[in-house]
Every structure is written in C-alpha cells, then in structure tokens.
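Letters A, B, C, D, E and F name the chains as they come in the text, with residue numbers starting at 1 for each one.
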Amino acid sequence: MSRKVSVYRTAHFNAAHRLNVPQWTDEQNKAFFGLCNNSNYHGHNYDLQVCVVGEVDEVSGYLIDMKQLKVYIDEEVIEAFDHKNLNLDVPEFSELNPTAENIVWVIWKKLRNRLEDRFELSVRLYETPRNFVEFNGK
Amino acid sequence: MSRKVSVYRTAHFNAAHRLNVPQWTDEQNKAFFGLCNNSNYHGHNYDLQVCVVGEVDEVSGYLIDMKQLKVYIDEEVIEAFDHKNLNLDVPEFSELNPTAENIVWVIWKKLRNRLEDRFELSVRLYETPRNFVEFNGK
Amino acid sequence: MSRKVSVYRTAHFNAAHRLNVPQWTDEQNKAFFGLCNNSNYHGHNYDLQVCVVGEVDEVSGYLIDMKQLKVYIDEEVIEAFDHKNLNLDVPEFSELNPTAENIVWVIWKKLRNRLEDRFELSVRLYETPRNFVEFNGK
Amino acid sequence: MSRKVSVYRTAHFNAAHRLNVPQWTDEQNKAFFGLCNNSNYHGHNYDLQVCVVGEVDEVSGYLIDMKQLKVYIDEEVIEAFDHKNLNLDVPEFSELNPTAENIVWVIWKKLRNRLEDRFELSVRLYETPRNFVEFNGK
Amino acid sequence: MSRKVSVYRTAHFNAAHRLNVPQWTDEQNKAFFGLCNNSNYHGHNYDLQVCVVGEVDEVSGYLIDMKQLKVYIDEEVIEAFDHKNLNLDVPEFSELNPTAENIVWVIWKKLRNRLEDRFELSVRLYETPRNFVEFNGK
Amino acid sequence: MSRKVSVYRTAHFNAAHRLNVPQWTDEQNKAFFGLCNNSNYHGHNYDLQVCVVGEVDEVSGYLIDMKQLKVYIDEEVIEAFDHKNLNLDVPEFSELNPTAENIVWVIWKKLRNRLEDRFELSVRLYETPRNFVEFNGK
C-alpha cells in the first residue's frame, strides 16, 4: 500500500495592497476593482496554508521536517511580505497586480524552488475568511 | 506553466427542514431519520463554500469577478433559501428530501447554470461545523 | 488570595423557530420581525456557552465536576431543545416569543435551578456566529 | 427578576494603516513601533464585536432591533473604514495614531452617539485573531 | 449525471505522545525530533475529519447513515485513543512512531475495515490548528 | 472621559498531564477524575488569552507594548509549559493537581509578577475549545 500523505502547515502575514492594472486608465481600474482600487491602499490579514504531498519516510514516520518547512515559509513569505505594502515593497508585484490569484502564484513559485522534486506542492491563501484561493502548479 | 487556480467564496443562510421520504410510512421515516424526522421541523445555520476553478486572466489577475460571483450566490441561494422552510417554501424540495447531499446538489445545479463553461464548479455545504458535504458534478 | 474562577462549558443544539408576538396583527409582526416571522419557520445551529463562577476546591482543584455540569446541560437544554421546533415543541415558548434574548433567559432559569447557590451563573447563546446574547441574572 | 441582557453583533472591515507619532522623530517611531511603522503602510482584516446592554422589551422579546443596530454599524464604521487607509482616508486619524486602542475608542464614540441613553455599549476590535482590544467607556 | 458526493464527519480526542524511533540513539532522537522527543511526553487535542465518497441513494437522499458512521468512529478511534498515551496505551504504536502521518494512516486502516467497498475514504487529522495531515489510501 | 481599555494577546502550548490528588487512593482518583486520571497521561493543545487592563498612553496610543507582553508570556508560560509533562516537568505542579483551574491560577501569578501595578490582569485558558476557565485575581 502507498504511504502517500499530505502534510499541511499554516502561517500568516498582514500587508497593504491595492488592485490596479497599470495599462488601464484610472476610470477602468476604478470600474473594475471598485473599493479595492483605493489609491491609498487597504489591507488584509493573510492566512496561508502550505500543503506538501509525498511518500512518508518509514523509519522516522515524517513526510518532511516541519521545522525545515517552517524555515522555508518564514524566509520566502513572512520576511518578504509581513507588515509590507505588496505593491511598493515587494519586487514581484512591481508590475504584477497583487490579486489573491497572483499572490498565491508567487508564493507557490518561491516555495517550489526550495522543495525537493519528490514533493508535490499546493498553496491556499485566505485574503479574508470569506475569500480564498488555491494553486497547485497543475 | 498553467495558471489554473481555485477561487473560493463563502456565504451563509439559515433554514428549517425535516428529513422525510414521502413514499415511506411514518414508522419507516422515524426509524431511519430519527430526530431529523420531527414533523414540526428543526433548523440549521448553513455555511456554503463555492469553489470556481479555471485559468487566471493574465491582464486583470482575476479568475472571476468576485462581486459577480456574489450576485449569483445571492440570487440563486440566499434569496431562495435564507429564513425559509426548505420543505415548504423551496420548490426544489417539494418532492426531494432536503438532506445535505440533496441540498448541495440543488445548489450546484443552480450555480452551474449561471457560470460560463470554462469554469469548473465545486460546492461544499456545512449543515453544522461537524457535518458537511461536497459535490463537484463529476 | 481569592481562588474565584470562571469555568466554561459549551454545547450545541439545532432547532426551528419563528419570531411572532401573538397579540400583534400579522402585518405588525411581519413589519417588525421581517424574514424571521416566516410562518413556516426557519432555523439555527445554536451554540451555548455556560459559565459557572465560584471558589475552587483546594483539594480536588475543581470548581465543579464538568461531567455533572454536562448532565445538567444535556437534561435541561439538549434533550428539551435539540432537533425541535421551539414554538411548537417547547412548552416555555408556547406563549413567549423565542428571540435569542428570551431563549437565553429560559436556559439560564433552567440551569440556575440545578446549581448550588454558591455558584454564579452566566449563559451566552450564539444564534449565529454573528449574533449572540448573554444573560447572568443580574 | 431583572431582564438585563447583552446583545452582540459582529461586523468586519479591512484597512491599511501605519503606527506613527508625528511629534516623534523617524528613529523614535521606528524603534517604538518596529514593522508597524512601515512608511508604505501594512493592513488588517479587522473584526468588530459590538455589545449593547439593557432591559429586554417584554412584549417583543428584543433588546434592540438588530437590523437597526446593523444600520448604525454600517453607516458609522463600515462605510467610513472599509477598504480605506486609516491614516490618510479617515479624518479621525489625521492626528491620532491608529493603534487598535485608538480605533476601538473612535468606534465606541461614533456608535455611542447613535444609541439611546438607556443602552450601555461595549466594543471589541480584533486587529488579528491574536491581538484584540475592548473599550466600554468606563 | 453522477450523484457522487463527499460526506464529512468530524470528531476529536486528546492524547499524550512522544516522537521517538527505537532503533536510533537518544542523541539522534533528540536532534531529529527536538521538543517532541521529551521522554515524559507532551499532548494534543486531535481533531479528526473523516470523508466518505460515493453515490447518493436516490430514495433516502443519504450517502451513508451518519449515525452509523459515528459509531465506527467512536468504536475505532475515540474509544481507542481518547485520553490515552498513544505510545503506551495504543497497541498500534508500540513499535510505530506516533507522528501525525502515522496516526492518520492507522485511523484510515481501522475505518477502511468497517466501510463497504463502494465507499472511498479520506481522513484528515489536525494535530494542532496549524499542523495537519491527510491520507486517502492512494 | 476615561481611556481605560482591555488589551488581549493569545498564545498556545501543548502539554501532557493527568489529574490526580496524591492524598487520595487510586480508587478515589479514578472514580473522581475518570479518564483524566490515566496513569500514563493524556494531553491537550492549550490556548491562552491574556488580558491586560489600564489607561491608554495618550502619546503613543498604546496600553502596553505587545512585543514586551509577548516576551513575558514566552518566558513565563511557553518556555516553561510547551511540549512538557505538567505533572513531571513543571515544578509548580509537583504537588498541585494540574486542573485547568489550577493551571490558569499558576499562569496568572507568574504573569502578575512581571506586570506593573497599574495594570489589571485576567487570564483565560482553553483546555479544549469546549472547556475553558478564567481567573482575574479578584
């Protein structure tokens, strides 16, 4: 029998952002993004759920050392995004609109680079408890 | 790389219902459904989680406009079910037993009709925080 | 130093109800209670938080035996209210409008009768996660 | 017996802010407020819990009409704060540092003005699920 | 159209455990498992989410009788694990390190034995709200 | 007007314990504490809510520096209790039965020693989401 298991670790950060497409006019942006286009920014407590999938090590009983996974999340996400303005302080969003869909994509790529190939990776990002997104690279 | 993402939106409604199969006798219904068969009804705060899957629009960074998705949910689910008696007030359950399995199926079909074909749809319904169901049309 | 401590125990039940004042006309009731006046009933998952306050027993380190408190809650609240129609199945609400304010009052009185005088009692009732009430007899 | 009851209603808004005392130097602000002093702002999903205390109306069984309370909260808090930059967009914080302690004070005063004198008012504000404050005017 | 639905039921138990691989030295175990290797044990409130997948019965509108599923969970998991020391009191872990990955595997196998073949089974186990695992036998 | 505010900070730790009164016989302990008396211990994820009350500083807009409060909680509670066996590893419980009522009392005393006299202190401890206690020294 397979011992393929999914292991989840959560984290959180808070940040300011605004939704804005530079190639659109102000009127287009305001019409499309509404309150989220506020030029003075608004913000969120983002909750992150990182899911790593793979075969359990039969000796240790671990899929991955959670302490090591926490280091990857801290270095790639928390230090880069927490208490930041995503549009102004985070290089990945200098040209990319920081929608939840784009933020989760950026986080997935950053964590994918740190994980061994034998692991699958899925990331869920809660912008609020009522709106959230998930990306798994497929 | 694919930009296929899942976007989730939550909503809630509360309603009365009873579980009852018309073609069974009262004794059969009582034996099978227990307290849930109470002829005077009981009720729940239903929490709904709607998941839409598809390719992100590269310009806007949106999968779907959440304000539009909220309109679909409000019109198809909240206006039809909130503060209602599912058995008596909702035509879909005049003949269909309003189990969580059947309610989530009805909601899925109503929302599926409103969404473009390029989207996949999955719906999760919490009858209580301890009992919930999910349907994705597959 | 005092060892006065508050001990909390939660429980939950679900029930149907409608808000209606018998001495008012249908129009008055509908205008005042809106959707909550639906003559076919709606329902909720009610979450209950019972708080007992008093001096800790220095030998056992207990304020009150939680297993005993659970028995009181089960007998007075869960057996009487769970999977019931509050208006039709619960005698206390045959004349009393089952608002959250009135339900918490009824629960407080039922539990107060079971507790020794040396305990203070406070009861919180969540009608939804967004609307809740608290009564402490003062 | 008294029928004094506490009724709670929740709401939420999200906003950007930074913590900064204008009469301090940048070095003092940075040393005191740390990451929260980021000049580009950060943000939160704020959860609000409004508690109104008073005597239940014996006829209706209501303390206060929740629909009316919701209107007060929407007009005084949600329209004024949601998707805003508290420092730049909300006049009350043009001179006042938008700490959670100060935000809850401002909200309390705005709601106090809308409520009849017979009600007591207490407001709890969650800046994150881990940090929150409460103010009751006493 | 398929009527394949997922039905979820939650449960909880609390237990003590320590992480330790018998064939490793104390130094290896301490270095690998850190605080979780404490020879005097530590503990958790485990939250369990059992997911059963299959075709809905068109007459009853049920996938599976939740009361029956609850009996399986109570007998196989709660009676065996609740208020226990997993290492000392639960035979399955006398040789197997009680990591979350291994606990969820043991629970899945115990429940799989009780369910008819027409059902698929997936089990999620929360060791804390921040760390959880999922196993579906695939 | 007073600016007296309550500021809350949460933390969590997990630990093993057993309930046992040394001066009682094994039979008495087993009869009184039931499953909680298991001689091999069981465990919990404890959630802590620390509430500090006092006058807000009008210049900074802070009641207390949360970073400093976090240091007190980490040093007094998390380092002392997390991933520990309360009965065996924590000196305060070598003679004192580690009921929730006694644990919250010990935590309150440890934190009270670190706080200035101008602050009031209240501590809430969740043993599970369903059972919790609160102590404020009064």
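The criterion applied here is as follows: a residue touches a chain if its C-beta (ideal position, glycine included) is under 8 Å from a C-beta of that chain, and two chains touch if they have at least 3 such contacts.
What you see is a predicted model, and the numbers here were worked out from it, not measured in a lab.
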Inquiry  = Spelling it out: a chain qualifies if it touches chain B and also touches chain E; which chains qualify?
reply    = A
Message = Measuring between Cα centroids, what's the chain most distant from chain F?
response = B
Message = Between C-F and A-D, which chain pair is linked by the larger number of C-beta contacts?
response = A-D
Inquiry  = Need the most distant chain from chain D, centre defined as the mean of C-alpha atoms.
reply    = E
Chain B-chain D separation of Cα centroids, rounded to whole Å = 34
Remark   = Taking each chain's mean CA coordinate, chain D and chain E are separated, in whole Å, by 42
Ask   = Of all the residues in chain D, which ones touch at least 2 other chains?
value = 129
In contact (per the touch rule at the top): chain pairs = A-B, A-D, A-E, B-C, B-E, C-D, C-F, D-F, E-F
Inquiry  = For the complex, give me every residue of chain B touching chain A.
reply    = 1-10, 56, 59-63, 65-67
Query = Which of the residues in chain A come into contact with chain B in the complex?
reply = 19, 21, 23, 32, 34, 96-102, 104-105, 129-135, 137-138
Task = Give every residue of chain D touching chain A within the complex, in rising order.
result = 12, 14-17, 35-36, 38, 40-45, 82-85, 88-89, 128-129
